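Mind having a look at this structure? Questions to follow.
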Amino acid sequence: MLYKIAFEEAFALPTSLAENTPIGFTRADASPEEDLNTNLLDIHGHRLRQMDENGVELMILSLNAAGCQGIADAAKAEALATAANDYLETQVAKNPTRFAAFVALSMHDPAQAAAELERCMTQKSGFVGVLLNDFQSSGPDGNTMLFYDGARYDVFWAAAARLQAPVYIHPRTPTALIDDQMWRARPWLNLSVLGFASRVSMHLLAIITAGVLDRFPQLKLIVGHMGEHIPFEMYRIDHKLDRDRFPTMGMRRDKLVRDYFGDQVFLTTSGHFSTPALHCSIAEVGAQSVLFSIDYPFESIPNACVWFDSLQMNQHDVVAVGRNNALGLFPRLMQAPHNLTRKSAWECGVGGLRDGSATYGLYNASFNKRTATR
Amino acid sequence: MLYKIAFEEAFALPTSLAENTPIGFTRADASPEEDLNTNLLDIHGHRLRQMDENGVELMILSLNAAGCQGIADAAKAEALATAANDYLETQVAKNPTRFAAFVALSMHDPAQAAAELERCMTQKSGFVGVLLNDFQSSGPDGNTMLFYDGARYDVFWAAAARLQAPVYIHPRTPTALIDDQMWRARPWLNLSVLGFASRVSMHLLAIITAGVLDRFPQLKLIVGHMGEHIPFEMYRIDHKLDRDRFPTMGMRRDKLVRDYFGDQVFLTTSGHFSTPALHCSIAEVGAQSVLFSIDYPFESIPNACVWFDSLQMNQHDVVAVGRNNALGLFPRLMQAPHNLTRKSAWECGVGGLRDGSATYGLYNASFNKRTATR
Amino acid sequence: MLYKIAFEEAFALPTSLAENTPIGFTRADASPEEDLNTNLLDIHGHRLRQMDENGVELMILSLNAAGCQGIADAAKAEALATAANDYLETQVAKNPTRFAAFVALSMHDPAQAAAELERCMTQKSGFVGVLLNDFQSSGPDGNTMLFYDGARYDVFWAAAARLQAPVYIHPRTPTALIDDQMWRARPWLNLSVLGFASRVSMHLLAIITAGVLDRFPQLKLIVGHMGEHIPFEMYRIDHKLDRDRFPTMGMRRDKLVRDYFGDQVFLTTSGHFSTPALHCSIAEVGAQSVLFSIDYPFESIPNACVWFDSLQMNQHDVVAVGRNNALGLFPRLMQAPHNLTRKSAWECGVGGLRDGSATYGLYNASFNKRTATR
Amino acid sequence: MLYKIAFEEAFALPTSLAENTPIGFTRADASPEEDLNTNLLDIHGHRLRQMDENGVELMILSLNAAGCQGIADAAKAEALATAANDYLETQVAKNPTRFAAFVALSMHDPAQAAAELERCMTQKSGFVGVLLNDFQSSGPDGNTMLFYDGARYDVFWAAAARLQAPVYIHPRTPTALIDDQMWRARPWLNLSVLGFASRVSMHLLAIITAGVLDRFPQLKLIVGHMGEHIPFEMYRIDHKLDRDRFPTMGMRRDKLVRDYFGDQVFLTTSGHFSTPALHCSIAEVGAQSVLFSIDYPFESIPNACVWFDSLQMNQHDVVAVGRNNALGLFPRLMQAPHNLTRKSAWECGVGGLRDGSATYGLYNASFNKRTATR
C-alpha cells in the first residue's frame, strides 16, 4: 500500500541521547544500518529512504522513551521537553510533507504540561498531538509513579481536548527500584515481551475508568502494540468491572470500556505484526479504531510494511487502517504545512489491476520489491 | 439490537398467489403460524408483531418469487408488476414508518421496465428500490432466459441509476425445461440448498463483467444469502478473470470485481445465518458492504434476529450492518413518508450497561426474551 | 453439547472458608442461588443440578483461591492442603463419575509439595492433577512472593511430570503490601478485570522461559481465562525474547514459547466467554491447546454453556475443546473411579439431525432450554 | 514449510495432449517456463526443481482434465485410462519418493472402472487414489452427462472403499452443447472463475445426498479449490436440505452434510490461495478436513507456497494441512515405494528458532528466498 501513515516512530535528541539511550535494546553485533542510536538520530537519510521504499508517506515523530517521563526532577524534565519540541519543530520544517511531530511533555506539573502543549500546538508548526511514556517518575529517589487519572491532571486533559491533540500512551522501562519481585530477576519479561503491555494497559484503563473521557468527550487516546492486549481482554474487562462492587469508580455507570473505542480510544499495530491479533482487534473494536504504525527503529520498516501490505483484507479496511483513519484522528495533518489528503484505494495502489497484470493475485508478486510513494 | 432494517422480505399479492405460490417450500404439517401462504399474505398482523418482538423497525417488502420473472408472456408479466406495485403502495401507506416497498418489474421490455420504475419512484409513495428475481422467463415455451447484462438493458440500468433505485437480484426457481441434467433428477439441490446461489451469482457476475457498473457509476446492486458465495470465491474470481484470455469482456480492465463491493455492490445476510460466512464476507468485502436481512417468511424472524443480536462483534459494525448501512444504500428511507434516522449504538441498545446490570456479558441474558423497538 | 468437562471449578473447605473467603467478589444483594459462599460450599446440590441442565458431565474441583498460596506460614499452609485434599477425596468418592479433584499444595517447601502430591496421586482416589494459585505468600510479613521457576522447585516439577499430574496455574489476589502503586488506589483493576491475568501470565512465562518444560518434557501446564492474553501476545512474546540480549534465560535457544502449546501448555475458556478471543487463541495455538472450563461459582454455569454450545464451529473442534482434549490431558479421568470415555460428536449431541427436525439451524432452538446429560 | 505434499497436480500424456489440451488456458505470450503444455509434459525437470525450491516433498500426479471424462466413446475413454496409468507408473517409478499417482478412469462402465482401479491399486506400483474430472461425457453427441450418484455406480464406490483409494472430484470444461444459456455467451464465467466450482459442488452434493457415503463408510472423497464454496454454504446447505420436503433423498436422515467432513470428505487449497476462505473453511469443517495443494501447472508453485508458508497459523494446523493430513488420507504414501513418514513441526521448519536468529518474526525474512527439502 502506498501513502501509509505511521506514528509510533521515535527519534533521539542529540543532546540527550547519552542519558536517554535505549540501552536494553542495543546489540553489540548490530550492523551500522541496524544500530539503534544511529537510527534514532537519523531522520532525513536512511529513515526517509526506507519510507520511500516501503510506501510510507508520513511519520509522526516522537522523542524516544522514557523521555521526559524518565526524569524524576521536574525542572530537568521540563527543560528536556522544551528542547525536544524546539528541535523537532526544526526537523519537521525541513520536510513537512513527510514528517509531523508529537509534543513531548514533563508530567510533573499538569498546568505546566498544558502550557507547553499549548505553546507547541498554537505557536509552533508541525505538531499534531502528544506522546507520553506511561507514568512520570517522581520523588527524591525517582521511585514514585505519577499516573494521570487523578483530578489534578484535568487541566492537562482539558488542554489536549481543546487543542484537538490526541494523546498517545506509550510504554516505558521502569526504574530498578519500582521493579517488583517478579521482574527484577527476570529482566526479559520486563520490557517489550510483556511487561510494557502489562503496565501501559493498566494505565490506560485507569484513565478510562476514572472518567477522564467522560469529562472530556473531545479527548482522544491512542495505545500501540495492537492495543496492549485490551482488545483480547475486552469481554472480561467489561464483564468484571462490576459497578456495584466498585462504587467509587469514576467512569459513567451506563458505559462499557468497549464503548469508547473508535470514538475516543484508538490503537495501532506498532511492533505487533500478528494477523490473528489484528483480526481479534477488528472484531472487538472495529476497523475504525485501528491504525497502522511501525515502532521504528525498534522494529524494521520493511518488516512492518511487508506484513501489512500482504494482508488479505478488503480495500476499505486496508486504506482506513493504513492511512485514512489517521487523517480523521489528526485533522492537522490535512492542514499546512503537511497538507495530506484522503486517498482512495486506487490511489494507494490497493485493489485494481495494474499495467501488464493479466491475472490478479500473488502470481506476479516479487516479495522483496517494495514500492515508493513518489 | 433495536431498530434493525430488513429487506429481503416477501409478500404475496392475493390475486396472484395461486399461480405464484412457493410450492416447493410448503409443508403439509405446518402450523398456522408457519404456513407460508398465510404469512406471505399477512403484513400488518403476525409479521408486525414479530418485528416488534425482535427489534426490526422496518421491512422493505417485495413480491414473492418468481413474480414477474416467472411469466413468459410479456403483457401478463407487465400487468402483474403494475398490480403488485399498486397494491403494495396502499399497504405501505397504512404504516410507512414500519414498511417500505421494492418495485416489481417485468423485464421483457427494458424500456417498459424503466417506465414502470419511474412511475413507482416518482408518482407513487413508499418505493425505495427494485427487486428482480434473477432472469426473465421468455419465449413461446418459457424456456428462454433473459439476462440483464446485454446493452439493450442499459435503458433500464440508466433509469435505476438516475432514480437512486438500488436493484436487488433475488434468486428464483427455474422452469422445468431449462433445468439441466443435474437438477432435474435431484430437486433438492435445485433450490435454496445451492442451485439458487449458483444461478444468481452467475447472473450478478455477468452484469458486473459486462461493464454495466462502469457505464452507470451511480448504480447499486444487492444480492442476498451472504453474497451467494461470491465473497468466499472473491480471490479466485479476480485471479481467474484473465483479461488477456477474454478480451471481449466488457468490464474495465483496470478494476477487480472486489473493487465494486461497498460502493456499487452490497450483500445481505438473508437466509444464511452463518457466523463463519459472515466473518469471511466482512474480511473480503468489508462491513460497509454487508447488510442485515431475514428472507421472511421463508426464514424465521426470531431465528435471524437471535443470531444477529448474539454476535460478538464490535458495536460500530453491528449497527452499520443491522441498520445504518441500509440508510446509506436507500436514502429515501430517511425521507417522507418513512422518515427514518441514523441511530447510535446506544440508541439501538448495542453496547452500554442498562438498568440494573452490575456486570456485562451473557450473565443476565434470557435467551428467549426479545426486545421491542417501541 | 452434552458431556462437557470443566475444570476451573472451585469449592470451599467448610473449616477454612472464614479465612479464605472471596471477599472482593461477594455482593450484598446476591440471591441465595447467587451467594458465592453458599455455592462454594455446595457440591452435590445446586451445582450438580446445573451441570445436569447444561450438559456438563464432570467437574474437576479445586480449593478456592488464594487457598494455600495465601498463607505465609508454611506449617499452616501445609495443614490446609492436607485438610482440603482429605475432604475433597471424600466428596469426590460420593459421585466419582461426576466429580474429580485437583490436589491443593503448600509451595513453601518444594519437597513437601512433591510428597503431598505423591500421597494424593498414589494413595488417594479421585485426584487427576494440581492447581496452584499463582505465587506462594511467604516471609514474616507475608510480602515475599515465591515463584516456581527457580531450580529449587525442580523436585516438585519432577514429581508432577512423573505422576502425570498437569499443573493448573490459577490467579490469586495479592496481599495489600505487595500491591504496587497502580493497583492500591484502583482496586477494580487489581482483580479479575486485568490484574489477575497480568500476574499469572508473567508467572507462566517465567516458568517457561526458565526452561522448566525443557527439563521435564512430560510436564504439562494449564492456564485459564483464555490463556491470560498470552495467545494474543504470542507473536510479540516470541519476537522480543531476544536470546542474544538475554543470554541467562534458561529456555532452549532453539524453541519459541509458542512451540510448547498443545504439547505442554494448555489453556481454558474459564471466565472469558469471548468468541473473538477464542478464535484468536485457536489461530495462534490450535484447538488442541484449548479446553472448555467455567470458573464456577465466580461465573454462571448456564452462561458459560450457552456461549459454548451456541458457537458456530466445526464439530471436531467443539467436541475436542468441550471434552476430548481433557481426556488426553488428564488420562486418569478414563480410569476408575471416573471411567470417562472418549465420545463422538453424535454422542455429544453435536451435529446430526435429531428427532423431528426437518431443517437444521437455529430455527427450532429454544434458547433457554438446556440439555441434561442423563 | 518443508516437506509439503500437494495432490491436485496435473501431467499430460504425450500421446493425448493434442486432443486433451487445456486450450482455454494457454496464452500466446507465455514464456517457455510458463507454457502450459510444456509444463504439463514435464515431470522431472522444471517441476521438480520448483518443488525443491519451495519445500514440496511429493506430488500426486493426475492426468490433465477433462481426461477420460471428456471422451464420449467408451472404448476410447477406457483406452486412454489404461495408457495414462501405464505411462504414469513408469514416471513415478523413476522417483517414487517425490511422486505418486492418481488412477485415471473411464466412468462409462462402472464395473470396468472398478476393474481398472483394482488393476492399478494391486498390480501396479505408485498409485494411491483416483481422480475423476466431474461428470462423464456420453451419448452419440457427447452431450449426455453421467453423474456417479446412481446405484449403478455402487460397484465402483465399493472398489474404491475396499482398495483404500480416496476419490478426488476435479472440475472439467463442459462440451459446448450442454453449456447453458448463461455460459455460452460469457465463456469467462464458465471455467475456473466460478463455473467449475458451481458444477463440481453440485456433483459432490449429489453423491453425498444420494447416500453413497452411508453405503460405503470407508469411502473418502476430496474436492479442491477450498471446497468449491461448500464450506461457505455449509450452514445453508444443511439448513435447507429439508428431509420432509425431499423424502426420496437417499442420505441418512439423521446426518448433516457437515457431519461427513473430516471423516469422509476432504478439501484442498488448490488454486484458491485466499486466507479468508481458508479461515472460513477451517471454522466450518475443521483443520483435519483441509489439505494443501497447488493445481500446477495452472497455478504457480511459488505462489501457492509463499501464500501457505506465510500464513500466521499455529504449527499444529500448518503441519497437518501442509503434510500430515495427507498421510492419513493416503496411507499408501507411508509404504513402499514412497516411504513417507509423519513429521513434526520442527522437522518441517515450522516454529522454532533457527541458526543465527536472535529474534523471531518476519524481521529476518527474505521473501523471495524459498527453501529446499533436501
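We just call them A, B, C and D in the order they show up, numbering each chain from 1.
Rule of thumb we're sticking to: contacts are C-beta pairs under 8 Å (C-beta built on N, C-alpha and C of every residue); 3 or more make two chains touch, one makes a residue touch a chain.
By chain, UniProt protein names: A, B, C, D = Amidohydrolase-related domain-containing protein.
Keep in mind that what you see is a predicted model, and the values were worked out from it rather than measured.
Peer 1: Determine which of the two chain pairs, B-D or B-C, is joined by the larger number of C-beta pairs in contact.
Peer 2: More contacting C-beta pairs are found at B-D.
Peer 1: Look at all chain centres (mean of CA atoms) and spot the one farthest from the centre of subunit D.
Peer 2: Chain centre farthest from subunit D's centre: A.
Peer 1: So the centre of each chain is just the mean of its C-alpha atoms; given that, what is the distance between subunit A and subunit B in Å?
Peer 2: About 42 Å separates the centre of subunit A from that of subunit B.
Peer 1: In whole angstrom, how far does the Cα centroid of subunit B sit from the Cα centroid of subunit C?
Peer 2: 47
Peer 1: Mind checking the centre-to-centre distance between subunit B and subunit D? Centres are C-alpha means, answer in whole Å.
Peer 2: Centre separation, subunit B to subunit D: 35 Å.
Peer 1: Which positions in subunit B are in touch with at least two other chains?
Peer 2: Answer for subunit B, listing residues that touch two or more other chains: 27, 235, 239-242, 244-245, 273-276, 279, 283-284, 312, 358, 361, 363.
Peer 1: Can you list the subunit A residues touching subunit B in their complex?
Peer 2: 235, 238-245, 253-256, 258-259, 261-262, 279, 282-289, 312-317, 345-346, 351-354, 358-361, 363
Peer 1: Would you pull the subunit B residues touching subunit C in the complex into a rising list?
Peer 2: 27, 273-276, 299-300, 303, 306-307, 310, 312, 358, 361-363, 365-368
Peer 1: Which part of subunit B faces subunit D closely enough to touch in the complex?
Peer 2: Touching subunit D: residues 24-25, 27, 29, 144-145, 147, 149, 178, 180-183, 186-189, 191-195, 197-199, 201-203, 205-206, 209, 225-226, 229, 231-237, 239-242, 244-246, 249, 271-277, 279-280, 283-284 of subunit B.
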